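Order as written gives the chain letters A, B, C, D, E and F; numbering starts at 1 within each chain.
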Amino acid sequence: MRHGIAWGHMDRRYWGGEEGGEMSEETIEEFQEERERLNEVVMRYAGLSMKRFYGLDGQVYRDGALPASIKELLGLVSSFVLRCDDCVKYHVVRCHEEGVTSEELEEALAVGLVVGGSITIPHLRRALDAWSELDGSGKGGGTEAE
Amino acid sequence: MRHGIAWGHMDRRYWGGEEGGEMSEETIEEFQEERERLNEVVMRYAGLSMKRFYGLDGQVYRDGALPASIKELLGLVSSFVLRCDDCVKYHVVRCHEEGVTSEELEEALAVGLVVGGSITIPHLRRALDAWSELDGSGKGGGTEAE
Amino acid sequence: MRHGIAWGHMDRRYWGGEEGGEMSEETIEEFQEERERLNEVVMRYAGLSMKRFYGLDGQVYRDGALPASIKELLGLVSSFVLRCDDCVKYHVVRCHEEGVTSEELEEALAVGLVVGGSITIPHLRRALDAWSELDGSGKGGGTEAE
Amino acid sequence: MRHGIAWGHMDRRYWGGEEGGEMSEETIEEFQEERERLNEVVMRYAGLSMKRFYGLDGQVYRDGALPASIKELLGLVSSFVLRCDDCVKYHVVRCHEEGVTSEELEEALAVGLVVGGSITIPHLRRALDAWSELDGSGKGGGTEAE
Amino acid sequence: MRHGIAWGHMDRRYWGGEEGGEMSEETIEEFQEERERLNEVVMRYAGLSMKRFYGLDGQVYRDGALPASIKELLGLVSSFVLRCDDCVKYHVVRCHEEGVTSEELEEALAVGLVVGGSITIPHLRRALDAWSELDGSGKGGGTEAE
Amino acid sequence: MRHGIAWGHMDRRYWGGEEGGEMSEETIEEFQEERERLNEVVMRYAGLSMKRFYGLDGQVYRDGALPASIKELLGLVSSFVLRCDDCVKYHVVRCHEEGVTSEELEEALAVGLVVGGSITIPHLRRALDAWSELDGSGKGGGTEAE
């Protein structure tokens, strides 16, 4: 896997404002802004247990015996078979940052598809649509080869 | 069950443009266009396993010892208890094409409701809302009897 | 589908004591006895809502626009994709009583397998193992052709 | 817990038109209107079993050995771990009506978060966002302390 | 709710060796011993995140704005609708310790049954069977009134 | 990761008859024999779709852009969050064969635990119990260090 890309640069590099206009659903940038806003709402109410859970949720994906990229793939496939679009989208972004390739992502999602069945297909569509946005090939568009 | 209606005619017969305007959510036609666009995104990335899964997903609903109409009801109820709106909507359309009647659809969903519990009710609402669109009685509207 | 077989005769016709001895897990007969015992425990505690739910659970599978056999297949596949072994076993028995054939059962479970994915395979094994017990071909045994 | 607030007053007291304008997603009022419209669609098709289920669904949350407020918390947490946003939103509103406090709601959701895992976090965000709307502190906004 | 019963006394008071003999499945005492043995296996492998999760899992059920008894009911119903027998059994025991009454438990499970559907019934049977063991009326036995 | 161990040697190397006696539940060897027997039952009934699904289920875990060891970890964590004990046990064995280390397995399961919540803990116990059997440290036993 190639080296991960720092989060801070992502918004500029991977999706510009102009593609955003023609998409019916929110861009990844909008998704992340809404996610941040809502996390602030959670933190306004959160007690100690909830805050500790949030801490744990960050900790468990850090490099260890398994590198962060593999942990993100594990988080992605877990979220995928449990069919949580927001979680899938989040891990798709994180996989991209960690340098996961299109082939690796596809193979991980293929495992998830076989384990989880056709009920996961709508999530597969949205996962790969988000990936195509990060991937530079645009949302559902383009003539460029993979 | 009466004979199924060919897919190609569906958009003209079952929902006209004028109702579409007052609905807050996408029509079935829009749903199918988006679904098609996203399936193309999937196919741009799909490896052999993913493609084979797609093939299998088409094959399993074909006429056999059980007719396609029953298999679509089975697909519908499976998707319903697993609470996948896109899958439910897809099978609602397919059931309509295969000539499933309103009474048959209702009874199948009633089994799903008892098996799956009140957690399925939001999906029941959306399933029957999509059905009413196909059924000619309009989305949430009208005084016409079932 | 051929005519269903009355419940009362089932224990005598479909599993004799002698096969039971070599099976590691409970026979369908033992399963039903334990089920009955536990339903009595439930009824000792059940309030009105719980009792009404039990009533509804019986009512929803009765002949209507869809025959009971199809409703049992719907109940079977719902239980199968939700991965409840006891529910699957119960509907396998009921399908057999309603005259569902091996081919029909297999096709229904194939829909469930594609919808629900490989995570359902352990339940598929147990469903077909129970069916083979009812089917007269014995649990995991025999040289007789399907 | 303090005394519940009557449903009829809720729309006026807890969310005014002015906050609604800046929110990207539907307000609770819009959510309830759409829910009502769709329940009417369900009732146009519903047979006896489906109607009985609806009746049961109302009955089970009434005061008994456990007060309605606790039953709503149980309904909330069940819906939360099963990850049904519409059900969660409905029970958040009902909890508010039954006088559940922010602290009680947070603790109940914390149990759900630990039981159900990080996959519930997007639902946690939306649950607390809906609560903040009822709570008077506005959707994602404000400087007021909890 | 009446006052909880201390854990240490439970094994002596609520199930003696003699009833155990006639039960086909493990007693609550055996369940707890196996659970403890397996938790030791987990702790032999557990890293920091896993240990923190275990800590959090204990913390979240403690008395707060909601008393521990209500939190145990929330844990019970969450586990029930997610259909985890071991978790259900654990919370049934904890509810009993916290002084939850049979009526309260039944009403909580009735909410879970309506939310989760008939797919939860096998778990309802086993939950109430475990409760009857704690309740002194014996497993599936007896003429004593509730 | 170190090199995988060939399947054919597994039964001899990783669990001997003598530990088996003190275990209350089936050994991995017994698990695999029962699994094989039941797969034969499935194949007696399986039509073309079912057989193709089985083929696909083998194919998707083969070395590709991601090595088989990572795919097995993905299969393990998917099965784990979907809470299928048989699937988890199968992938635990396959991970061991592919040379996954205890630390890697623990970190993968820690991701699953955080994603899936405390409802997965009974499966975590059984997963690590099976691993300890393969790992040579015995089922729940021993003073040997990890």
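Here is the rule we use: a contact is a pair of C-beta atoms (placed from the backbone, for glycine too) under 8 Å apart; a residue touches a chain by one contact, two chains touch by 3 or more.
Just so we're clear, the structure is a prediction, and the values are computed from it rather than from any experiment.
Participant: Enumerate, in label order, the chains that touch subunit B and subunit C alike.
Facilitator: Looking at subunit C and subunit B together, the chains touching each of them are A, D, E, F.
Participant: Which chains lie in contact with each of subunit E and subunit F?
Facilitator: The shared contacts of subunit E and subunit F, listed by label, come to A, B, C, D.
Participant: Using C-alpha centroids, which chain lies at the maximum separation from subunit A?
Facilitator: C
Participant: Going by the average position of its CA atoms, which chain sits the greatest distance from subunit F?
Facilitator: Measuring from the centre of subunit F, the most distant chain centre belongs to D.
Participant: Out of A-B and B-E, which chain pair has the most contact pairs?
Facilitator: A-B is joined by more C-beta pairs in contact.
Participant: Please work out the Cα centroid separation of subunit D and subunit F, and write it as a whole number of Å.
Facilitator: The answer is 41 Å.
Participant: I'd like the Å distance between the centres of subunit C and subunit E, where a centre is the mean of that chain's Cα atoms.
Facilitator: Spacing between the chain centres: roughly 28 Å.
Participant: Subunit A to subunit E: how many Å between their CA centres?
Facilitator: Those two chain centres are 37 Å apart.
Participant: Would you mind listing the residues of subunit D that make contact with two or more other chains?
Facilitator: Residues 47, 49, 53, 56-57, 60, 64, 78-79, 81-82, 87, 103, 106-107, 110, 113-116, 118-119 of subunit D touch two or more partner chains.
Participant: Going by the contact rule at the top, pick out the subunit A residues touching subunit E in the complex.
Facilitator: For subunit A paired with subunit E, touching residues are 47-49, 52-53, 56, 59-60, 64.
Participant: Can you tell me which positions in subunit F touch subunit E when the two form their complex?
Facilitator: Those residues of subunit F that touch subunit E are 24, 83, 102-103, 105-107, 109-110, 113-114, 118-119, 121-122, 124-126, 128-129, 131-132, 137, 139-140, 146.
Participant: Mind pulling up the subunit A residues that touch subunit F in the complex?
Facilitator: Counting only subunit A, the residues touching subunit F are 56-57, 60-61, 64-66, 70-71, 73-75, 77-82, 87, 101, 103-104, 106-108, 110-112, 114-116.
Participant: Considering only the defined contacts, which subunit A positions touch subunit C in the complex?
Facilitator: Residue list for subunit A touching subunit C: 81, 113-120.
Participant: So in the complex, the part of subunit A that touches subunit D is made up of which residues?
Facilitator: The contact residues of subunit A facing subunit D are 34-35, 37-42, 44-47, 49-50, 53, 57, 78-79, 82, 84, 86-87.
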